[in-house]
Amino acid sequence: MAARFTKDQVKASFAKINNWGKWGKEDERGALNYITPEKRAAAAKLARTGAIVSCALPLATQSGPDNPQPVQHMMLHVGPPVASLDYFAMAPHGFAFTHLDALCHVFWEGKMYNGYSAREVGRFGARKCAIDVTRDGIVTKGVLLDIPKVRKIDYLEPGDAIYPEELDAADKLHGARVDEGDVLLIRTGRHLRSKAKGAWNARREGLAGLDAACLPWLHERKIALLGCDGVSVCSPSHYAPDFEMPVHVGALVMMGVHLLDNADLEALSAACAKHQRYEFLFAMAPLILERGTASPVNPLAVL
Amino acid sequence: MAARFTKDQVKASFAKINNWGKWGKEDERGALNYITPEKRAAAAKLARTGAIVSCALPLATQSGPDNPQPVQHMMLHVGPPVASLDYFAMAPHGFAFTHLDALCHVFWEGKMYNGYSAREVGRFGARKCAIDVTRDGIVTKGVLLDIPKVRKIDYLEPGDAIYPEELDAADKLHGARVDEGDVLLIRTGRHLRSKAKGAWNARREGLAGLDAACLPWLHERKIALLGCDGVSVCSPSHYAPDFEMPVHVGALVMMGVHLLDNADLEALSAACAKHQRYEFLFAMAPLILERGTASPVNPLAVL
Amino acid sequence: MAARFTKDQVKASFAKINNWGKWGKEDERGALNYITPEKRAAAAKLARTGAIVSCALPLATQSGPDNPQPVQHMMLHVGPPVASLDYFAMAPHGFAFTHLDALCHVFWEGKMYNGYSAREVGRFGARKCAIDVTRDGIVTKGVLLDIPKVRKIDYLEPGDAIYPEELDAADKLHGARVDEGDVLLIRTGRHLRSKAKGAWNARREGLAGLDAACLPWLHERKIALLGCDGVSVCSPSHYAPDFEMPVHVGALVMMGVHLLDNADLEALSAACAKHQRYEFLFAMAPLILERGTASPVNPLAVL
Amino acid sequence: MAARFTKDQVKASFAKINNWGKWGKEDERGALNYITPEKRAAAAKLARTGAIVSCALPLATQSGPDNPQPVQHMMLHVGPPVASLDYFAMAPHGFAFTHLDALCHVFWEGKMYNGYSAREVGRFGARKCAIDVTRDGIVTKGVLLDIPKVRKIDYLEPGDAIYPEELDAADKLHGARVDEGDVLLIRTGRHLRSKAKGAWNARREGLAGLDAACLPWLHERKIALLGCDGVSVCSPSHYAPDFEMPVHVGALVMMGVHLLDNADLEALSAACAKHQRYEFLFAMAPLILERGTASPVNPLAVL
């Protein structure tokens, strides 16, 4: 599929979707500011049946095509007489891990969200826009846009791009309008495809995801957070190799929208279909890793 | 303060609070089974104002009296041109970390919850009752029992014990009855004391917490999970050194009640006081670490 | 091949080869005490040509049949402008790592070398007989017994056992008598076989090595250290599954002989053949990891 | 003390001491090429008495002024019945660790030794001049220049600079001429000072070491390797903050001389004084960490 925008048009769109200064020049939370207490209280009302699903993959401890650096899990003590204790270590940004990217994760022209210098990230971590800005959690309305359902297929293929009109179609079809302060979750069916055809190396062979032309749509809807079962952008991007991550830049740097990567949306897709409802209470609580650039997460949806 | 029970009485109480087999002989989730979808939906209604607080300490990356083995946090890459990436490693059971103990964490007479052999935990982790039984999260009603408020003091002292009648007093005072499927959070004021008097070595010098005589109360109320700003039990236990963790054994092994250790309940205490309400929507999503004995967590309360 | 000794005979031999108390009841260095300054000075004279070879495998950073837990190697910084920095992590006892076992590594009837209690090893490491007793290095005469050369084959097969008369044959054939204070290196050709037939899972499928009947020979010769391209013992041992490591117990616990596991003796075999000399200056410098149970090593031979 | 050279003179000296191409344009071993088999055989003759000392600090597992990132040492299993096993992790370049810098560790104008591009070092390590070029060990003649002995003091102070005429004086005084292929060890007395006055933060408060004016002397003598109880250069360098490591650049990049940092030369100093001899057999065997930028080491001296 072709790029909707030229590379220059993508770059030009960055100016239009730029939220720098919108929440003050000291702000480090970006679009999370859209989530007000009232928004949270309203979202809680969506937990009507109390059905709950996780949107996370298990922490992968074995290497695989997507997982050259698996989680290290070791026992430090095996009881009895006393207790069993363990230890784990991980690099959360991996393609096999459900994680939340902090706003400091990527840069554009030497800057991160709100104009902070990339130099605020150094050997000892991030002094600005680290993952701990999410310390009080992210609880709001969640909306699932289930793209394979729109296309009436099982799953998208690596490299497939999603365009803004499909986002419109999805929220119409689902009857769940994406609004200010929502968490938007985009399903491409990646993990269903993995089960059907075997795992593949996402870094090398690509993932389905959003075309950069979706950025203005996301900005207009004032989403608080974007999640995907891939890494948001269709990859390879239409602008590779010299401009790999237009959606990361647009979301993290320009709009201040945190990105939830590599979610597992299969159970959520089934639950939404069963309840015929694509909006729900979304709750996620990143670890409070001061100066960190990401956290592994286990996002929850309550319908 | 004296022990309410003799050591033999504690052991005898284990038989009375034993939930083995209650949810089937294959069960690994224990008292989490008390949380039904209906319970969750009802709990969501408690998120009235949408005010939210975290109940977690930041992941401590510096050593301290309680933290001989701090979280290792390292940068793997510092951008630009590209992205910033990091890595972290931790042993989650430490006294400085807010974490959830899996039911496989401790044993009694060679067994864990539901009668599984302690041998189900080996060098490569736990085959039964690992932390991943909580993969769909823990969302239910939470109740804070704010013991210093009951005693009209700022904080308890290390070693101070809490008795069942105080639990009664707390839930009467607060107007928040602890019921089936609730998460019960006990505040001792540990972290306020830390700020006032400096940190101390909890392992050596002790912590305030529940006397073993509280176990029948917890069992009768059918709580789903017990959390504390310490490690639940008053320590040193009244039965040290040969019987250090009667509440761990009673809760994890006998009742199948997961334990949330080292929570930070200061912000929650303030929020409950402000809203004059001690019950709330509780949401916690442990990492899905298959075979793990614990997970670091960031529990959330929405009032 | 059959066991030479019954299990009871092996156990009986332990009494005969026991060196406990021989170097004082406080001793933690065991047979390293055989290496005197005079021995070292004499060994240095063997470095006649100055040819040098390593006896170590590279630190394996990729998983493989023998390497479920590879070395973690990560870059912490990639310069310029400044420097490049890295980080590594490992569990040195793995079958893929050339390492030196400390005397605290295994136990017999609750005791380690010199009668120290196994309880001297706890969660925080070894208080007795840790790897740091080798802090001043091991420099002495080394002797290679090249068993495939004796048998006129390329390599032994997994599970093949070596008997004492072959040790005699080897030192006669090679003209390099194994004497007091020597490091004895036994080549089975494991890594040549790996190249020819592919790597195999040594833990499951076994390794060639010494039959337990060799223990009295080793004791009589007063070796200071035993090394092998496997793990010394033929495995599975003739006494598996309930008595897996008779040579580890005999060497580490009874004689106080440190064990060098998983050496790579291919280059040394070629060098010895070329120089028609099987004795050489041996130099090895374990890392000084206080309380550690092993160290990765890179042993050197100078001919 | 003042700089002997201006910054421009230091940079000009780089051209004169440049060894690029000297051992072929594919070379990655640099001045280690000075060590021939004959050199090694001759060096072995210096092991006259067989007295041996380590030149390494223990691996520091506790944090301290010089050690913000101590070695992580954890037990993975504590026997009996079976074995005790452990795990360790470290960033070897720390100021508290005796380590060998690979030639890829620093860069000058985008290049490392022999003109290789700094881009040969990436997120997955070094493709050129990694630490594994030392896989066959470094065995040669070692010479100790004991600067406090020359100055008739106990130890140098942080920031103190050593000039070339002192190197002359040292080798005259000691009767141990530094020659082609030698390992030169410079003692400043850092660790004796640490014992006397307490540890200090070397990164912030500096270390005694060589003035950049020593570089031509080192080049002329054709040393194979330079070691120090600090980090070779006096720090802060006379050219800080914009030119911090003139000796690192001169040695590693220009001459291809590997650097041994943070050695412990106290025992060697005592042994040399006792034997009235400042030359010895030097043996060091870095771990074979392919693509690594350093290795922890335990260098040995045999007198």
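Note that the chains are named A, B, C and D in the order they appear, and that numbering of residues resets to 1 at the start of each chain.
FYI, contacts are C-beta pairs under 8 Å (C-beta built on N, C-alpha and C of every residue); 3 or more make two chains touch, one makes a residue touch a chain.
Fair warning: this is a prediction, and the values are worked out from it, not measured in the lab.
Comparing the residue numbers each copy contributes, chain A and chain B share more than half of them at their mutual interface. Distance from chain C peaks, on a Cα-centroid basis, for A.
Work out the mean CA point of chain A and of chain B, and you get 29 Å between them. Separating the CA-averaged centres of chain A and chain D is a span of 47 Å.
Inter-chain centre distance (chain B to chain D, centres taken as mean C-alpha positions): 50 Å. Those residues of chain D in touch with two or more other chains are numbered 72, 74-78, 87, 89, 91, 123. Partner chain B is touched in their complex by these residues of chain C: 74-78, 87. Those residues of chain C that touch chain A in the shared complex are 63, 69, 72, 74, 76-77, 85, 89, 91, 123. Only residues 36-42, 44-45, 47-54, 56-59, 61, 71-73, 75-76, 78-93, 104-107, 110, 118, 121-126, 132, 135-137, 139, 245, 248, 281, 283-294, 296-300, 302 of chain B touch chain A when the two sit together in their complex.
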